[in-house]
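Two complexes come next, and they have one chain in common, chain A, joined by chain B in the first and chain C in the second.
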Partner chain A sequence: YPSYYIKPVHKKEVQDELAKSGELQKLVHMPTRAALNDQTCSPAQDDLINLFINYIMRDGLKVLARDLVERAFENIKRIQLEKYHKCASEEDKQKIELNPRVIFHQAVENCKPILNLTPIKRGGVRYQVPVPITPKRSQFLSMKWLIAAAKEKDSKVRFHHQLALELIDAANNRGRVVKRKQDLHRQCEANRAYAHYRWS
Partner chain B sequence: MLRRINGILEPSLKHIQFKNSQWICVSSTQFKAKSFSTSPPKPEVQVKKNVSKAMKAYLERAREHDEFMKQQTLEFQIGKRHLANMMGENPDTFTQEDVDHAIKYLFPSGLFEKKARPFMRPPEEVFPQRKAAEFDETGRPYHFLFYTGRPNFYKLMHDIVDHINDAYKFEDTMIRKGIKPDPNLALELSGYQWSDKASLEKELVEGIGDKDYEAFIATMERLCDLPYSYRSKDFIFKYRKPLMSHEQTYQAPRPQYDADGRAFITTYECLRKRARGHVTIRAPGTGKITINNEEITYFKDVQPREQMSKDAL
Partner chain C sequence: MRLAAALFASRGNPKEPVPFQAILPLQLKRKVSGKGDKTSDVCCIYEMSVLFACFKSNDFNQAPCAKEMEAFQKCYINHLESVKKKKEREAKGILTPGEKKLSHKQINILLEKFPNFK
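Our next item is the complex of A and B:
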């Protein structure tokens, strides 16, 4: 596509918002790209889950990636239902989250780092300097760590099962991925003396 | 020979002031008469002769171009009438569109480059426009900005600034009266873009540099940003080109009716990447989807089916 072609707005809610603010009028006359195959105007569309599927995908095997994520969500549902039915009181039952998408969103949110360490060379020595990161980058790191943690498993365990366990743990603020994020934050705190090396 | 003339002239050069800095190659006899006098030689006679020669050539060229254009226009008109006769149409109501159709019919061409195909168009579009005579016989230019080298372009810039100043003055009077600008009257600029460099050059019959074009855009944007810019709407829209051909309003296709009286529409050649499809929609509908005589399970994968569903599959 030529560079001046704009990306389409495929969600009805976003289109309505644009129409209200008056932005839609400007976009109507711009040449637009075609929507991607996983972008629909269905209300059940979830852009974050599509992004996650793309990160899992290898060698263009979209069908496999989607299948893995679907099975992971199914596993989450099963595990949560088991917990739900084993619960004694109503209060505990209320606390258990059954919707796998909500758990996924919560997990990604809990694993997002705020700072990152970058190597900066000063006086021949490479220091690990804590540096802020953009929201998009932090979201990417969160999802990447979740997938990496799901891969570190026993060969007999299936990936989608491990992923389900990781997501549930992360949503409850425990587990390997959240620990990795907290370790990173601790390192940043320890290295805060070098923070001024960002500007030298 | 010129060097020898230089040698003679040098002692008297300090007294001589030429009107134009060009060296005039004059025969040596004239100089021998003047080279030893202290009073400055009168160069007016010589200068006038040379300017009038250049002027003569210039006028000649302008006249020739005008005549050529007249000739071409005449030929074009006669040719158009002949073509209309050939096609059996009325020569008086034969438009340029009809001419294009006729040429396509008579000279079918398979060339990929559309500009290389045969065409018949009025000479103003075919031959590059030239400026008319820019100065009169005495050498005095008609345009007040002639000596800038690009009078039309700079005149345009001056015009824009005039409009800006007008808008400022009007705004001042409005502020004094206490009236605010009406937001409904504000300029609608979406759907248009500034005319590109090539078309601007064509309109002005002058070459424009990139920086000058950017300056032009910046000044126009400045004019459009003012609250009372709608007063100069006609001037601004001379240099605005429509972005997409939204001037051709989309005409929705009419539905056809089948034996049962149900309306249906078929859209042919729906494209996405290498896929081609024809889609038929019937109303009133049953909600059934048929793809190549199969149900929606034609798509083995779940992803294409999601567009149709309200819930996630």
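Our next item is the complex of A and C:
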């Protein structure tokens, strides 16, 4: 596409918002790109989940990637239902989250790092300096770590099962990925002296 | 050894003080290089230290540190926006009078307008 072609707005709510703010009038008469195959206006569509599917995808095998994520969500539902029915009191039952998409969002949110270490060379020595990161990069790292943790599995365990376990753990703020994020934060805190130096 | 000494003598003995020879013209260029301009992004250190203090006290559990985290993120996003705006202004060539720190592009614009010599 030529660079002046704009991306389409495929969500009804976003279109309504643009109509309210008046931006829609500007976009209506502009040449638009075609929507991607996984972009629909259905309320069941989730952009974050689509992104996650893309990160899992290898060699363009979209069907496999989508299948893995859907199976992972099914596994999450099964595990959560098991916990729910084994619970004795109503209180505990209400605390258990049954919607796998909510668990996925919570897991990604809990694994997002806030700082990162970058190597900066001063006087021939490479220091690891803590540096802030943008929200998008943070989200990407969170999802990448979740996938990497699911891949580090026993060869007899299926990837979608391991992914389900990782997501549930991360949503409850425990598990490998959250530990990895916290270790990174600890290292940043240990190296905070390098950030205090006025690098110029 | 006598041969080498004779060869050196043919060039002429160096006399102190050495006479000055203006090989290149004694003029500065009408441009400034951009090498000294680059400063690494030193920003949000105060917010970072506040965040670290909160983390230390809560054993790196993020839940009670939501305010500090948001402040840190906001600071960084604002910094990025200001850097972007500064770049846009430089690209347009807008100069505000009374500015203390000029980038090399802005100085070049001034030097072009007011050259030192014809």
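Here is the rule we use: the second predicted complex is superposed on the first by the 196 of 200 C-alpha atoms of A that agree within 3 Å, B and C clash if a C-alpha of one lies under 4 Å from a C-alpha of the other, contacts with A are read in each partner's own complex, and residues count from 1 in each chain.
Throughout what follows, contacts are C-beta pairs under 8 Å (C-beta built on N, C-alpha and C of every residue); 3 or more make two chains touch, one makes a residue touch a chain.
Keep in mind the model is a prediction, meaning the values are calculated, not measured.
The superposition on chain A brings chain B alongside chain C with room for both.
Once the two complexes are laid over each other on the shared chain, residue contacts for A:P132 go to chain C alone; chain B is not touched. Of the two partner chains, chain B is the only one that A:V28 touches; chain C does not reach it. The superposition of the two structures on chain A yields an angle of 60 degrees at the Cα centre of chain A, opening toward chain B and chain C, reported in steps of 10.
In the superposition on chain A, A:C41 makes contact with chain B only, while chain C stays out of contact range.
Residue contacts after overlaying the shared chain place A:N54 against neither chain B nor chain C. Contact with neither chain B nor chain C is seen for A:Q94 once the two complexes are overlaid on the shared chain.
Of all Cα pairs spanning chain B and chain C in the superposition, the closest are 11 Å apart. On the side of chain C, the complex with chain A involves touching residues 39-45, 48-49, 51-52, 55-56, 60-63, 69, 72-73, 75-77, 80. Listing the residues of chain B that touch chain A in their complex gives 190-192, 243-244, 246, 272, 301-304, 306-312. Those residues of chain A whose C-beta lies close enough to touch chain B in the complex are 25-26, 28-31, 34, 37-38, 40-46, 62-63, 66. Interface residues of chain A facing chain C in the complex, by the touch rule stated above, are 110, 114-115, 120, 130-135, 173, 182, 185-186, 188-189, 192, 195-196, 198-200.
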